[in-house]
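Letters A, B, C and D mark the chains as written, and numbering starts fresh at 1 in each.
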Amino acid sequence: MSMLETRLPGLEMKNPIMPASGCFGFGREYASFYDLSVLGSIMVKATTPEPRFGNATPRVAETSAGMLNAIGLQNPGLKKVMEEELPFLETYKLPIIANVAGGGAEDYVQVAKELSTVKNVGALELNISCPNVKHGGIAFGVDPVVAADLTKKVKEVSEVPVYVKLSPNVSNIVEMAKAIEQAGADGLTMINTLMGMRLDLKTGTPVLANKTGGLSGPAIKPVAIRMIYEVSQQVNIPIIGMGGVTNAEDVLEFLYAGASAVAVGTANFVDPFVCPTIIEELPEVLQRYGYDHVSECIGRSWKKHESVAGYRA
Amino acid sequence: MSMLETRLPGLEMKNPIMPASGCFGFGREYASFYDLSVLGSIMVKATTPEPRFGNATPRVAETSAGMLNAIGLQNPGLKKVMEEELPFLETYKLPIIANVAGGGAEDYVQVAKELSTVKNVGALELNISCPNVKHGGIAFGVDPVVAADLTKKVKEVSEVPVYVKLSPNVSNIVEMAKAIEQAGADGLTMINTLMGMRLDLKTGTPVLANKTGGLSGPAIKPVAIRMIYEVSQQVNIPIIGMGGVTNAEDVLEFLYAGASAVAVGTANFVDPFVCPTIIEELPEVLQRYGYDHVSECIGRSWKKHESVAGYRA
Amino acid sequence: MIQKEMMRVISHEPIARHIYALTLEGALVTEMNEPGQFVHLRVNDQYNPVLRRPISIANIDQIREQFTMIYRAEGLGTKLLSEKAVGEHVDVLGPLGNGFPVEASSEGETAILVGGGIGVPPLYELSQQLVAKGVKVVHVLGFQSAPDVFYEEKFMKLGETYVATVDGTYGTKGFVTDIIEQKQLSFDQMYACGPVPMLRALEGNYHDRAPLYLSLEQRMGCGVGACFACVCPVEEGSTAYKKVCSDGPVFKAGEVLL
Amino acid sequence: MIQKEMMRVISHEPIARHIYALTLEGALVTEMNEPGQFVHLRVNDQYNPVLRRPISIANIDQIREQFTMIYRAEGLGTKLLSEKAVGEHVDVLGPLGNGFPVEASSEGETAILVGGGIGVPPLYELSQQLVAKGVKVVHVLGFQSAPDVFYEEKFMKLGETYVATVDGTYGTKGFVTDIIEQKQLSFDQMYACGPVPMLRALEGNYHDRAPLYLSLEQRMGCGVGACFACVCPVEEGSTAYKKVCSDGPVFKAGEVLL
């Protein structure tokens, strides 16, 4: 078995590395850079029942070691995703994680039901945490009762395992995670973006047309690590971690925190080859720190292990 | 009147710039770099009834465009602060903001009562949001009812205006702010640090002895701006803003968002002269963007103004 | 095929106020042929700034495998870029997008090239390619003020060239549209790149008169079509859109809403 | 008085595996006199890395107004530092802290200086000052492996010098304590800088034998005593503490808990 092979509910993966939803479209663009089959999986762009234009532009703004986005779930709609986007990805040998979004519970149920029937969709990711849509979205992501209820409804109709994507914009992430686990989720993905804002110095007004946006990139990594560390100790379902990953060392940190696989978002924009580069470098990094398989790193920050002595001379 | 003069409850200030609590001790160290009288105010280190040693070391860790700290409210205790630290600052002509902390409500009440009688203390800042102490602290910061109750109790005993420092680690910052305003707070200070964590690649365990720590620095600025933008539109008490400020342009952004004054934390470690530098540069920056006085910038992001046309050729 | 390369700095010089000309060398140049395409630059190997910076290709030299960009050093990214010394390397992704349709102009026709500020650079490669084809080119270039003017002489070598400055410190006082009106310039095609207000004015005035191609700017994330940061609506109230990075940056007037 | 200065790089060279010697010039040098003090360096003018890096002063040249540091390029900050070229400037805050008490040794006495890895550098200035005073110095330097050894010759010029490497590829195989035992070295004072396990061993073995001064490391925020990042407890169960940055980095053995 390879050092990287990773099995999670619905996902038999060559490695634990995948692009994060919204940062890789439906794969087409990056397919011109490299063979997508090297990836563990792909978390494709959020899909809603109908096509959505999303927010006005500007939709992105830069911040220190991070960026804000307020795309607003632009997507071609369920029909086109099923007929064109997902079939395109069939050429590549990997399970797809389909990101499900909508304005209300019935949207999620409809999209989940249909997408879960598509051949190469290995799992669903419920995007209950997108801070950039005005209705639905965010409300699901901060109320454990509502989130649990939605999870149950989607589990009833989905033919593949369901992962729920957690918002970091909450007082108590463990409470959210537990409620969602109890509602039957097969896994968690975390974290989505932190709500943030930038103001234009000249006009005084928000840089983003949507005013607020989601903060991603290296800036949020410590928040992601902390939340995964807390949640992974309290739930028994796997976590796909994300938030500021840019290299193989970052992947290790997420695994240590308690993630079983790791997604890369913003870094794809900086280096379109970041995912294959991480996959290539990961075995060597694992070896350097004394691991024979990625799974040995999972939860190492809190599981009982012998501590590695450090002597610096 | 100077371009920078700023009046807030309890605080008649030459300018709206002050070091943030915990990043400037009780001023002694920075007094060897410059005359502290140039500052608008100083938010001194948190004070608890008894001396506290705080957490084990390491207490700081670096992150992308930010840092984590878990000092654990180390301080010499109320008696020494009243007898030695605050009197030392009397040499300088400026009102002090005394940061009040403790393990339970009675601690806050005791410290607030005493500190508010000290001559050069212009206002109190209730630190209900420190993520680094195990008891009390954080619990106050995430529950609006508890926070409001504490605010009331402190208001009853304080002889100076009371500002309450908000934690960003909450689902609904506006709800917190409103509860605290209704409880009688004279102002808000925000934001405290985001809870974060870093893991050591070699050992797999947290870099900080306390495991989690508070994230500060430029990385968190977009979160601070967003929260101040949201809160300032919903409350009628002034806000002292902070979170990643490093220069005069950042100050402008915080004022635009709705802050009436701005505190500088982490940046003091990078450049001990950062506060006087900002104070020196602020008038020119204000002028460059067309303002005659700092107060004109406050809340510009959401107040109705004519928008400044931008033409870029 | 889009690719990524660490390209070598061959020359790097200030040519006007805050404006630099940067020439890079590398195999990627062989992929460059359309004027109006852009490259996406990473200015250091940290993640601060996080995003790449889109900059137009201003001149392509296939023989030397070199290309030139002209950019304004304004914010964090472009200021860091301006510190690159000869011999250092710059991380280039590209060429990206679809450029100006040189094929839209035929030998003997007259094309007018209208540029505003740092919208001027891509017109230089365009002009050369049009001239090479036997097209007569007329350049109308707008700048803020005298110290901002660049490349006037280079454009003059290719064809008639008019310069306007907003404050009148150089050339005609006013906007590019003032020149076109005053000089009663006639043309078979118009190619333009510059700030949106300028493009809107051109579209309003000349859309019916001749084919008009506009190069747009938009804040970008990926630069390759994956993130939906850079979309333009195609018509009011529809979900139809175009991406500036991969469908543009050059569009036919009317193709997208300005 | 502590101050801040942009100091000029006079020389900057690798002297062992990942180890660089960096000499800077500027008026701040006039403030430097205590061996064991450190400077706090900012490696670029961005906020990434955010924090300064504490590095010991290894050599002071008052006549030229220059001082030298020796550091290991390991993480982000020190790697960026290692890219500084001669003629560039480095933002220096310092000198900070309290160094080794040269006055503790008198003419004719023997001082042993024990260094581990990048704990060795401050001992070089210390040794020179002791020698200048007529103190006999003995150096015991520990490194991981042969490629990590530096400054052996320079120390040899000042006094007896023993080198240990953990893997035995150079000098004696083992730790500094092994050398002290094997050679039965005797001394009137001991000065040490290196990793905590080494300092602990020295404190355990020699605390009663002679005055022992230890230079500690601790993760720092401000470096000037304001943030309480770098504290050491003074005794078990008390709230008493010392700050490494402003009370240290050199402490008398027993003054703080290791």
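The criterion applied here is as follows: a residue touches a chain if its C-beta (ideal position, glycine included) is under 8 Å from a C-beta of that chain, and two chains touch if they have at least 3 such contacts.
Predicted model, so just to flag it, every value in this text is computed and none were measured.
Taking the definition of touch as given, a chain qualifies here only if it contacts subunit A and subunit C alike; those chains are B, D. Rounded to a whole number, the gap between the C-alpha centres of subunit A and subunit D is 45 angstrom.
Subunit C and subunit D have CA centres that are 55 Å apart. Here the spacing of subunit A and subunit B, counted between their Cα centres, is 33 Å.
Shown for subunit B are the residues that touch two or more other chains, namely 63-66, 217-218.
Contacts with at least two other chains are made by residues 47-48 of subunit D. Taken chain by chain, the contacts link every pair, so each chain touches all the others. Those residues of subunit A lying in contact with subunit D across their complex are 64-65, 311-313. Residues of subunit D touching subunit A in their complex: 47-48, 116-117, 119, 142-144, 166, 194-195, 197-198. Residue ranges of subunit A in contact with subunit C, taken from their complex: 22-25, 28-30, 32-33, 45, 51-54, 57-67, 69, 71, 74, 217-218, 246, 266-273. On the subunit D side of its complex with subunit C, the touching residues are 46-48. Residues of subunit A touching subunit B in their complex: 63-66, 68, 142, 169-172, 194-199, 201-206, 211-212, 215, 217-223, 225-226, 229, 244, 249, 252-253, 256-257, 289, 297, 300-301, 305, 307-308, 310.
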